[in-house]
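Have a look at this one.
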């Protein structure tokens, strides 16, 4: 198969730095260069951690273009171009393709959740895949969407030549294991949370799109490499050490916490856009303690 | 107080008709004229039933402008201009104001649901209200957003002079009753579902924004008028008769069902945009039976 | 129809007083006499507020016997005799009947929630009703069971001559309204929360089984009487005034709060059994403030 | 430490066979002998799969006694003796101890779910542990109880000398990994679902209490042994193969399905008690296909 359709390795779903609430493209570039140096396989731009729901289309295009310029040859730029409507998803995906994205990560539409059944999702994704200039990765993130794509639906979608993988953020191993039994080897199953990284790799996931990789790309890459090398004990140990940090920068403190952690570790974090709120001073103190305890590599 | 800030009566959150997937403004006008004739107090444009998440900004402006032209003097045009970000909500609200909207219905941001706590929502709504050219109605719709604004938060927001009411779609009478005890008389509490219309009116709601009013505006207005006139038995009877129909065009069949029902009753319904799917033939047959059983007035 | 099968009016689901963690039957009697004097139609013994899940069978029998002795002629004693298994439910229901219960309130079995579908519930309730010596009231309380019986299922069950009513604690007016349209007039629909009391009465409920009636029986009875007399404004006003108090002794502070409130108002409350915990001093202070604000009648 | 306090290996939470709705102790013995031969470390009697909520106390004692007689020296009998009240839990646990149980598996009380906070659960479990004659295993099963014990609470409870482990059925790897970092090595963390068996073992769980072990004890034991031997690829492969079967006899078809599968594979399954319903013929046919596909060892 076409190697451009294969998605393995660690992908940070990169945050979007702002200065005075406007895009900070220099900060964005600086982060991407660091991630590339850490051994990631690419980046996801315009993901949930990138505050994509707060970005204008112009900003989205700017971010994709910048990522495509900065990322070294061979590393992938994946754009989060899913919209609520099928037609808008197609349009934006192709706009991102023109801006340099190698693939698109398409979240399940969710606003009319009760109606987003298998019939609707099949039709949505097949229509998008038929009309997209670039390969499609599915994005299953029940925490944000309250939609959960069952393995049989994903396996059905995986038959489409332009649907090449999935980011599954649910962290449910039975569901991921069931999916892995149903799809071909060249369908890329990526785990969407560092909270399940090592277990997912042991059962067959080929990589991860991990918020944690915004602040601990070296450790995320190392967990993958250790597992591939059969060094299970070391992989498991490093994975377990990362869990509290990962929890802090996702469920507990969210994107504001992730960005604050980036600032503490030498990346360009900065503020989120409103209505997301900055951490309180107490939260910052607590976060700093967790980060120091984790002993993260920064180069 | 300024009578322009008072929102009483029945408001259909109007659907958006499409021809070949593009706006059908003539159909839209025809519907609005019928609603005005039925005695509604105004319309909500760009609401959930208007498929606002599938509309481009240009389309949104066109719909608001058209509604402002068509609706008779004294009837209100309320625009659903809530976005995920605070800055985009302000911008779009003022764009809608310039297009002729008399007020804005601002849904709770919800994508980063876990972080949309009272602190975030207070800051969001106060900032929007400070910067909006038109009065703001809050929109609490847990079914779609998985966010529920508690009465104390709403009462705090109600103190802002530019926040003039709420559409509460949850249908929880204890919550609405608690809210009504906490706010001033001139804060307009509108029930957001016909499934709770008459009970909500008996405890103090002053009207409703009701999907059902897209197909049964006469009955919705009559339930309100009967209740105001103290004719509780008749009001209750008509309300109970409407429940199965309301359930069919909301929870059971969704917007596709609502639009199909509009077609059956002489309004311009048409198709939804994808990924929403049309009803199956079996569903249409079932819906037709329910509509016939309800004996809806169409003029 | 047999008047013994008609359940109208206000029923406190009475708490179970303990002294040194053992039944305090004298305290229990004292409470029941006060409720009878306040105009209730009967009492529910062994309900959720009675901590039935913490009671031995011997204690249950004692409580039913005592209630049957104390309650004046014409007032009903309803026993909460629902168990997880069908056979145990039948056995305990008939034990309660022999102890003097006039009817049984049978909660939906819920432990294997995913399997408690319509087929299972129909079979359960019909088998219980076939074998019970006393009439059955269904008990739908999703807050505790995570099971919700849809109106069509209840209407099907209502056809059984020994299933005579329902306590619906969900407070969803559309669901209750739909049910009322489907059942005969002599099937008693009782609302299970004071948070929806007056609205439920306006749409056709004939009474309520209300935790609040443990501390405010006079007010609960008055809301019912005012509504029956067509004095809607007064009924609505009194209902809204009760909401914060009801919330305090149910969702906020639970049974420990309800019992503490009883102590404050001259009833015999006392402690709950473990693992339920007593209120903290701060919670007690807050509760006292709410009770004083409500101006409850105690005779 | 005392080796009697160490719980490693595979434990089937055994079903309870009935003949004419009464205990079938001979069938029960036959199953237990087969499990012992398959290499399990013990059995859990009176668990969720044992329909403990449908059993009388006499039946519970009979089952524990029988298991204690039948199980070979060195294999453990764990009794599910958790009740809603603290006092009843203590009493029943000691009754089970007297009947021969080596340890007790104590489910979180759940009926008054909203009040089962950390304070209540700490008090409940410490009081039970203080008064139990046998060691205690915690049981966290949110699917049935809607209660989830956070790792910090479990770690606090793990300090008690008589609380020696946990069965965690949630299958959330991040939560289990976080817990494993917080507790001592001699606190036994057992995974409670085969859907997460191999991943849980890779991160540090020392065994499992698995419904699947009622029909596939050899495979469950083999997954454990392969993982301990560092044969990750084989372990992962066998684990993934078991997922569809496990899903069929748990989430999809429940205990009735598990018992039907036992009958198909030469164990004594039989019927469940009501209100659990038998599978339909279509469901049986589907289940048979899944079992044949899985190629389960029966000796």
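Lettered A, B, C and D in written order, each chain numbered from 1.
Keep in mind that, in the parts below, a contact is a pair of C-beta atoms (placed from the backbone, for glycine too) under 8 Å apart; a residue touches a chain by one contact, two chains touch by 3 or more.
Worth saying up front: this structure is predicted, and the values here are computed from it rather than measured.
Shared contact partners of chain B and chain D comprise A, C. Taking the CA centroid of chain C as reference, the farthest chain centroid is that of A.
Listed options A-B, A-D or B-C contain a single repeat of the C-D interface, assigned here to A-B, on the basis that more than half of the contact pairs agree by residue number. Averaging Cα coordinates per chain places chain A and chain C 50 Å apart. If you average the Cα atoms of chain A and of chain B, the two centres end up 35 Å apart.
Multi-chain contact residues of chain A (touching two or more other chains) are absent.
Under the stated contact rule, the graph of chain-to-chain touches is a ring, a single cycle where every chain has exactly two partners. Interfaces, counted as pairs of touching chains, are A-B, A-D, B-C, C-D. The touching residues of chain D, when paired with chain C in their complex, are 21, 48, 53-54, 56, 84-88, 109, 111-116, 119-121, 123-124, 127, 143-144, 146, 251, 254-256, 273-277. Within the complex formed with chain B, the chain C residues making contact are 171-174, 177-178, 180-181, 193, 195-196, 198-200, 202-204, 230, 232, 236, 239-241, 243-244, 246-247.
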